[in-house]
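Letters A, B, C, D and E mark the chains as written, and numbering starts fresh at 1 in each.
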Amino acid sequence: MNQSTWDLFLSSLGPIIMGAVTGTIPLALVSFAVGLALALLLALMRLSRRRWLSSIARGYISIVRGTPLLVQLFVIFYGLPSLGVLIDPWPSAVIAFSINVGGYAAEVIRAAILSVPKGQWEAAYMIGMSHRRALTRIILPQAARVSVPPLSNTFISLVKDTSLASLILVTELFRQAQQVAAFSQEFMLLYLEAALVYWVICLALSSVQGLLEKRLDRYVAH
Amino acid sequence: MSPTDLPTDAAPADAPAVQPLLTVRGLRKSFGSSLVLESIDLTVGRGQVLALIGPSGSGKTTILRCLNGLELADGGTITIGGEVSVDFGTAPVRKELTALRDRSAMVFQNYNLFPHKTVLENVIEGPIIVQGRPRAEATEQALTLLDRVGLAEKQGAYPFELSGGQQQRVGIVRALALRPQLLLFDEPTSSLDPELVGDVLRLIKELAVEGWTMVIVTHELEFAREVATEVAFVDGGTIVEHGDPKQLLRNPTQERTRQFLHRLLFPF
Amino acid sequence: SAGGAGQGKTAATGNDTSLSSVQKAGTLTVGTEGTYRPFSFHAEGSGSLTGYDVEVVQEVAAKLGVKARFEETQWDGIFAGLEAGRFDVIANQVSITPERTAKYEFSTPYTYSTGVIVVKSDNTSITSFATLAGKTSAQSLTSNWNALATKSGANVQAVEGWAQSVALVEQGRVDATVNDTLTYLDYKKQTGAAGLKVAATTKDQSESAFAFAKGGTKLAGAVDKALEELRTDGTLATISDKYFGADVSK
Amino acid sequence: MNQSTWDLFLSSLGPIIMGAVTGTIPLALVSFAVGLALALLLALMRLSRRRWLSSIARGYISIVRGTPLLVQLFVIFYGLPSLGVLIDPWPSAVIAFSINVGGYAAEVIRAAILSVPKGQWEAAYMIGMSHRRALTRIILPQAARVSVPPLSNTFISLVKDTSLASLILVTELFRQAQQVAAFSQEFMLLYLEAALVYWVICLALSSVQGLLEKRLDRYVAH
Amino acid sequence: MSPTDLPTDAAPADAPAVQPLLTVRGLRKSFGSSLVLESIDLTVGRGQVLALIGPSGSGKTTILRCLNGLELADGGTITIGGEVSVDFGTAPVRKELTALRDRSAMVFQNYNLFPHKTVLENVIEGPIIVQGRPRAEATEQALTLLDRVGLAEKQGAYPFELSGGQQQRVGIVRALALRPQLLLFDEPTSSLDPELVGDVLRLIKELAVEGWTMVIVTHELEFAREVATEVAFVDGGTIVEHGDPKQLLRNPTQERTRQFLHRLLFPF
């Protein structure tokens, strides 16, 4: 790496990290929170005994998982206006990513709920709990532990996928790298630099995951 | 603590004395096309102990689960304490099932303690959250009960930190804390290490002496003989015979009972 | 919010509010790539948006008495954004082609330029657009240079943009790339373009203009008027000279 | 949908499906096969008691999962030539996707191996098997069943990710849609059409997954 | 089928007669900082049956696992049949561990059958794949053994299609098919439904009568008394006492043994 390359690397690190802090990270956090709520709802619909509810959820999940995220973003940002619905870039991105996370996390949560032994439901019913109470007080806390690793993976994917938000006018990490690349014509260097920042974010996320698992593990045998 | 003042040595089991606490008539249950309970009749008097014995798959657990409202029977009636009576011929409303659960409490083969709650939290969950009793009162009662089974100092422990026998004693305390009229035990010692079986059996025996009404599924024939006021042999979804434990376990009248007992008593 | 944008659709229905809504909002919302040197890019890579197209449209907005507000997007989404009413205008070297004229309104051109074939300096087989036939050429899909290369019989390899095209030529993985001479000159100014040369230049000039949603003729007309004034008072020439050392606006 | 839109839809279906058949599907299949072999190797390295082996695998997996696929593609296609390694588009794409699949599938396979009860290893050793034999004859066949659903997800993601191959000159489904879109300026329609084709492919894959699970389930209680 | 012609009623257990098949001296094993086996000495004569009893966590399973080379002991020696002798003081080579496995075969508490293989495949896997015997011969032997435990017609079934007792009998056949000199049983009936225990115990008793040399960890005291030639009581990683079953189980000399037996025999 020669001097000028190194200078470019250093001078672009600021904007790229800025893009991460003001774009990538808040976008990922908000979308993940909304997506998780949606996923819980979808998972419960999938598990419902009412056929139509579970069919709706199944269809939703199938479409979200079966089509590229890029297209989902485009439909919401560029397609909905033709139906008279005009949504700003940031909300559009949040909606698209939330919808996407919802589809993926729903399957994770559903599997986690199913992984709680049937005896836990029975014990909850036995002490007189309703279905809803058994779910919220007994089953979900246990499902939470099981779903931390796969949900972390979903989150890490989301962080990287937010780079697509640059397509719909949201300035984030990758967009910043592209801008510097367009100016300096050094796209290889800038993309590598962006990758490095993504990697650091993912490493940080992984260690948060580790802490979370440890905390939730406190009541589980080792 | 004792739920009743009746003496344990009640009237003959075959025709229980006045005040039957539990009456089951014509209970039927199928899973898909397989008929699991054909037509079960049971009567358990207040303060009496019924032991259910029988081979694997005969329907013992299913009977308990129907009594506790965990399983919806297809037909028949269950009456607990005279006030709660559910007729499964007409599809019972959810409220009736809940009423069954309110009167009875179950102790499971695999304990089924809530792993994310401490021992104390396991015990007070039902009283506080479901029955809406004051936390202070529920906690006091729970601590009294835990103390009595020798687990007071484990109140803050999580289930995984306990031995099987300790977990099962917590399971019993959790059931008692609900103040049920009827206690149901599903093979309470069969998941335990042999040396830990005694702790649990001794506790159940004490409860029997105190006058709790209980239905116990068990393979511990010695225990059934000593603690139960009546034994019923279940096979193929029917009650093949029932009667006084000392009598039935020594001299069963039915050939099927005889074979079953023989297999258990002289395994090799 | 998308500011003054969003009225493009109603304009198409005959009631042309394209100009009045811009005036009412006081902003002209401009769609541009922000990654297309030297037309639309960020100063020093992370500074403010600048470039030839950007400065021209800023001057145009000033003439209209409104402020230019930029929405940066990728070329893929730029026309979709215009149709969706997310911008009032695209300022991104949009060449006037028959297909586009059918779908959008155009201003008068503000860039006249030629296309060049860029090859490795040791390449002797490509000397004209005719000799491009059968050769491989790297092009970004959506540009009109792609159409030109295709028409010349080149075997087109689609890439993201100029940077990738030129990398492929330098690495010898494609024979050529066709692009705006202005783009090439800027690249040469910046990097020296060692090992590259221009093999041929188009005879016809291509014309780039601002694009508007279909039916937005009032806005297009007002922009035309503003461009005319800017041409007359020498502003366009000054901007052009700043970026290209020549006047490409006529 | 008016007539001309409909005509465009129909006329572009041919090229898009062609792109799927000649680009997307073979690319995904080959990359998945190579990636799976790599993943098995990485999973075994991760599980190895030799620290350095497991560290290498851990680092590889972390980098692959922590950086955007787009960058991985670019590094191989545009970056390696500066080190004198020039690889054609198709092999470049296969290498990049295989590397990527390797990182993701390695964790799946590792988890599946760990999910086989320890008693199975012991029984295998007891009858005199070596570690390698126990692994191949006893553990992996059981791990295979467990890993079918998550590996199917990896494959489905891969199918959609292959759209990025268009960036390095591989013609596939999405590239075909983009070409028609660039020509007709009908981005929304073409992207939706591409999404539809992706969805159909994913539905087909899901049903293959169902069949596979059924087949592998034959020796498991229901 | 019988591995030896020696009569089962061998010499007194304390000092086994000539021809000890298994000799263990000073066996030690720690997991991390916890010493699980302190210094285990055992001798089992050819054709004899040693029963290991003791509380949970005392180290019984660990002893068996060391004997089978599944666990690497930290010190001591294990000798099987005079030819194979492993000294764990010097780190033993892999080959020596393999030799231990070749001489012995284990029956697990949870059966550990291979779920993806049929009953027959489970049995012939070792003989064919590991020992390299001809498939025809191995199959014939397997079918003979399966027939003998009453499971010939189940040869094509998968383990999940069998009851626990059937699975455990397959587990025993799998061990026998390896033609080991020493059979190791780790609580072979404690995962079974009570009525199925008999089938397995009866089979083991037959094997004892035929003269197989065996080490059995069990909680079935009645069974140990009748089948074992020697009983050893393990507690806290040491052999607290050992001796003639009839003697030791009735009149243990050590207080710890007495307490343990009391808990098992009179649980309530």
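Points to keep in mind about this one:
Assume contacts are C-beta pairs under 8 Å (C-beta built on N, C-alpha and C of every residue); 3 or more make two chains touch, one makes a residue touch a chain.
Chain by chain, the UniProt names read as follows: A, D = Amino acid ABC transporter permease; B, E = Amino acid ABC transporter ATP-binding protein.
Values in this document were obtained by computation on a predicted structure and should not be read as measured data.
Counting only chains that touch, the fewest steps needed to get from chain C to chain E is 2.
Summarising the inter-chain layout, the chain whose CA centre lies farthest from the centre of chain A is E.
More contacting C-beta pairs link the chains of D-E than the other of the two pairs C-D and D-E.
We define each chain's centre as the mean of its Cα atoms; on that basis chain A and chain B are separated by 47 Å. A straight line joining the Cα centres of chain A and chain D is 20 Å long.
If you average the Cα atoms of chain B and of chain D, the two centres end up 53 Å apart. Annotation for chain C: residues touching 2 or more other chains are 76-77, 80, 164, 167. In chain A, the residues touching two or more other chains are 74, 78-79, 82, 187-188. Residue positions of chain E touching 2 or more other chains: none. Chain pairs that touch one another, listed by label: A-B, A-C, A-D, B-E, C-D, D-E.
Listing the residues of chain C that touch chain A in their complex gives 1-2, 6, 9, 33-37, 41-46, 71-74, 76-77, 80-81, 83-86, 161, 163-164, 166-167, 187, 190-191. Residues 62-63, 65-72, 74-75, 78-79, 82, 153, 156, 160, 163, 174, 187-188, 191-192, 194-196, 198-199, 201-203, 206 of chain A are the ones that touch chain D when the two sit in their complex. Taken together, the chain A residues at the contact with chain C in this complex read 8, 11-12, 14-15, 74, 77-79, 81-82, 86, 88-89, 166-169, 171, 175-176, 178-185, 187-188.
The part of chain C that touches chain D in the complex is made up of residues 76-77, 79-80, 99-100, 103, 138, 141-142, 146, 157-160, 164, 167, 171-173. On the side of chain E, the complex with chain B involves touching residues 55-56, 190, 193-198, 201-202, 205, 219-220, 223, 226-227, 260, 263-264, 266-268.
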